[in-house]
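Chain lettering (A, B, C and D) follows the sequence in which the chains are written, and residue indices restart at 1 in each chain.
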Amino acid sequence: MEATSLNLADIQKIAEQEVDFERAYKYRINVCCSSGCVPLGALKVLKAFEDAVKELGVEKECKVARTGCPGTCAVGPAVMIEPGDYLYQNVTPEKAREIVRDHVVLGLPVKEMLYKNEAFYKKQQRLVLRNAGKIDPQRIQDYIAMGGYSAIVKCLATMTPQGVIYEVSTSGLRGRGGAGFPTGQKWGLVARAHSKPKYIVANLDEGDPGVFANRTLAEADPHAILEGMLIAAYAIGAEKGYLYIRSEYPLAIQTLQKAIAQARSISLLGDNILETGFKFDVELRFGAGAFVAGEETAILASVEGRRAMPRPRPPYPANSGLWGKPTLIQNVETLANIPLIIQNGGVWFSKIGTPRCTGTKCFSLTGKTKNPGLIEVPMGITLREVVFDIGGGVPEGRKFKAVLVGGPSGGCLPDTLLELPVDYDSLTRVGAIMGSGGIVVLDDKSCMVDTAKFFTEFCVDESCGRCTPCRAGLIRIKEIFDGITQGDARVEDITTLEKAGVYIRDASLCGLGQTAPNPVLTTLRYFKDEYLEHIQDKKCRAGKCFKNKEEEV
Amino acid sequence: MQVTEKTKVATIWLSGCSGCHMSFLDQDELLLELAKKIKVVYSPIMDIKKFPENVDVTLIEGAVANEEQLEMLKEARAQTKILIALGDCAVTGNVTALRNAWRDSDKLALEKAYVENTDKNAQVPTDVPKLLKKVHPLHQVVKVDYFIPGCPPSASVINYVLTELLSGRTPNMEGKSKYG
Amino acid sequence: MSTDDKRRLALEKSMKEHNYEESALLEILHRAQEIYGYLDKELLMDIAQSLHLPPSHVFGVATFYSYFKLKRPGQHVITGCLGTACYVKGVDEIMRAIEKEYNIKRGESTPDGKLSLLVTRCIGACAMAPAIVVDDEMIAKATKEVVLQKIKEVLGGDKPESR
Amino acid sequence: MGDAIVTLKIDGVEVHVPEGTMILKAAKDNGIIIPTLCNLEGLTPYGGCRLCLVEISGSPKLFAACITPVSSGMEVTTQSEKLKEYRKMAVQLLLAEKSHVCSVCVANDHCELQSLANELGVDHTMFERNFTKEEIDSTHDFLVIDRNRCILCTRCIRVCDEIEGVHTLDLRMRGKDAQIIMDLDNKWVNSCSCTSCRKCAKVCPVGAIYIEGEPVGHTKHKEIAEFITERRQRKCK
């Protein structure tokens, strides 16, 4: 992009131009090229569409765009044709030509290839993922055309920082990183802190196995994150932001790098943003494979180039964060909500979801589900709706057994809790957590003891080693699990598991340790009979355990 | 319990150095007091072959390292009302369990002792009880009612625990749990 | 200029870009691993000296994060995803099959350095679980047979030395 | 730290301490001893061992006294059944983590972990004890590290960095694999930064770092906190 210095009005102009430009096309073919679809051949499909459009002479009326993920990872490569949001599944390069011919040239959608799962989208409410799968994440104009960056313009032109914080507080938005701290309150704390400079750290260190919501967001709509950071920076008075991202996400990194460069090139980042004198810039920082770095004090240590060991609080990062300066740490999903709140008002947002947990939440739906993928649902939706309506239930005619909510330190919930509304408080009450939004469905072929053991192993590997309960306790739990799954355990071991689990939960220094026993404690709470079966009868009803004893010795 | 009927006490020596038994004997004149209340029915310092039935209290020194000891411990547990782990080996495994750090330590231990570190007639004996894969403290194998750590435990702590138990009280081990 | 010098120059450039700031240690370790493939002690000492950091601090950081490799990886690298979704869908059995076939354990390389078997916690391909990455190519919805076949292919004719 | 004085209650006793004081210190200055392992006056508090957990009324959570500053009107409980059980649990976990065989340890009778187990009445561990074969490095002229006894309190790392100022020691790996290292995980004799100042041995609460040929009791006979404070002052001048 050639323009260098824009002012507030120019954003509106770009948007209008872009809309006009888009209007020239009758059709728009969005090919999902996110990390999910690329391994399935999405880039070849993209090329095939481009060729087919040229070959069939419809390049003037049909635009082929490379977009982010529409969420239906199960049926990739996925291609969406607008208008009408026709979603084609399992598209191959061979099918591309057929689709262009029938749908674009003849105007007849190819019914057999369409994604036929209405419920998947029907129960969703896509706010954070508003642009996912619809815009080209590599073109800032696409984002602007969808109303992007109009929120920061609104802030700069008409709102005071206090006004922005007020709006965010009104919205009731809570941090999406897991703990659910009220966002507006957090911003107020940093804004009121005296010392300077102030920093923002955007957390994209999605370490939970089985969770890919933040990655998809970054790959599909990177500017939404950047705009959220800009607004936050304006509100709290920060001049520098760090976006901490997992290095295992190469495509997301690339997309963000490009987005930052584009934003800089039209003075949406830099020393004099949109000629208002507002100054803010973003730097990427790369994680290196440490789950604990998602913890808010550990991420600070990591951004400072140290071992990602959580440190005690107080002092809280709001007063003493990066290099001892006031720092706002925010998950990227939280940030992506911000532009919408500014555009539509906090009151509008507060009406979505439930009164105590407003808005929506993205979940990665995986495991034994018919429709794995990325979904976004209003807070308060029931687990049943997520698992059976959106997820389509359990495949291969198996029986639903449990659903794991909240990643490796979440809780395993049985079918009796399916009517539970999904929100921070309800989940905590039953021993699970929102975490970073992983929902894994387990069927009757899954062993609950084995599952709890798997998560404990994960937490053992990821423990930083600073505090006794987490470092020395989790490994003991894991060893007891080894005994149970190899037929070498006593009934008293269950008591030991419970005692150790409760101790680790209560006595650990940081969130990782405090939540790590959740899978153990919830499976003990809801599936104790399976533990007893393993210990007393040496029987695993799922047929998973007691297999490998000889091998491991 | 009739006044005339003394509490039946047994002591067992598993994998340990006998130091705990020495400490037991170190109660000196307090032993005389004890003797008024207890009758030792089985002990390595007595010549009794079979572990008796209906024992009230059994003190066990040493960890469980071989199959014979495992059987002995189970037998003792079955016949005893109150079983006490005496000393660090019985409570933690202690020095005897150091071999647990090695894989196949049962074979390794014998080879080290009988082959590598001997000049004459180097061979692994076949007439010793089979070693267990790992050395276990007592409470990993059977239920243990009380623990007296120490290497060896001091005579006064042993006396304290026994006196408390004989008076029907539960010993409080705070300040009396010194390992080593 | 030798390859070594070129690499050193590239590393130096990266450090300079970051003003030799100690807070850029992670970035520089990333870059160094990109350039050299892995981080050996000599390299870590070099970085420590350039950034004026205690060597133990640099070593502590490099070993804290599982992404950094201190040993030279094998010519061919198989990475199994041990994320939740992959585990639920049975990646463990596939890994076991590879371990058995090549007599190698997770996290190890064959003695001749031909093959490394690594695990990672989630590559984010959860909807296509189980996922195994063979030399940068991801096998989605992997099965034992497909993976073993693929490994055979990338190895060509030669069978790696087993332990 | 300001001059303001904060009034709070510890175990029902009203105490007055300067603002910013940690609960642990406030308690100690008023004669209430809270057990600790990783804490050492004069070094940056670490909050790792979790022995000094206390209850603060109004919160369901537990707080590590060494890293929680006092605040006005706070009501702290340092002794309760739950806290005692949790302290015993921490000691049990540490005892079970590595080969803590007191009878053959140089620090026998001078070990803070051993005496805590004694005081708290940890007469056994509910977990199987681990016997480890971590590396013992005795290459240094007189300093020895036996990693099988290390409880990762990091006092040695902190004293090396904050008082001696050389940062020879640090941690490698993480979690259960974490270990104390010298420089680039070198043998001690090859350390390029170690000044052989012996501070690490003096602050080690267990027998993990010790001076060869010198009884541990002798190494540690001097009040460590005093020693460090004195060093600190000397440094300031």
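To be clear about the criterion, contacts are C-beta pairs under 8 Å (C-beta built on N, C-alpha and C of every residue); 3 or more make two chains touch, one makes a residue touch a chain.
For clarity, every value in this text was computed on a predicted model and none was experimentally measured.
Asks: What chain pair shows the greatest number of contacts?
Replies: Comparing chain pairs, contacts are most numerous for A-C.
Asks: Any idea how many Å lie between the Cα centroids of chain A and chain B?
Replies: About 57 Å separates the centre of chain A from that of chain B.
Asks: Between chain B and chain C, what is the gap in Å from one C-alpha centre to the other?
Replies: 51
Asks: What whole-Å value do you get for the distance between chain A and chain C if each is reduced to the mean of its CA atoms?
Replies: Centre-to-centre distance between chain A and chain C: 25 Å.
Asks: Using Cα averages as centroids, what's the distance between chain B and chain D in whole Å?
Replies: Each chain reduced to its C-alpha mean, chain B and chain D end up 34 Å apart.
Asks: Where in chain D do residues touch two or more of the other chains?
Replies: Those would be 128, 171, 173-174.
Asks: Where in chain B do residues touch two or more of the other chains?
Replies: There are none in chain B.
Asks: Scan chain A for residues touching two or more other chains and write them down.
Replies: Expected reply: 290, 307, 461-462, 464.
Asks: Hey, which chains are touching each other here?
Replies: Every pair of chains in contact is listed here: A-C, A-D, B-D, C-D.
Asks: Of all residues in chain D, which touch chain C in the complex?
Replies: The touching residues are 161, 166-174, 181-185, 192-193.
Asks: Which part of chain C faces chain A closely enough to touch in the complex?
Replies: Residues in contact with chain A: 21-27, 29-30, 57, 60-61, 64-68, 82-89, 96, 120-129, 138, 140.
Asks: Which stretch or stretches of chain D touch chain B in the complex?
Replies: Touching chain B from chain D are residues 95, 99-105, 108-109, 111, 114-115, 117-125, 128-129, 131-133.
Asks: Tell me, which parts of chain A touch chain D in their complex?
Replies: Checking each residue of chain A against chain D gives 290, 292, 307, 311-312, 314, 460-473, 475-476, 479, 496, 499-500, 503, 506-509.
Asks: Can you name the residues of chain B that touch chain D in the complex?
Replies: 85, 88, 91-95, 97-102, 137, 139-140, 144, 146-149, 151, 172-180
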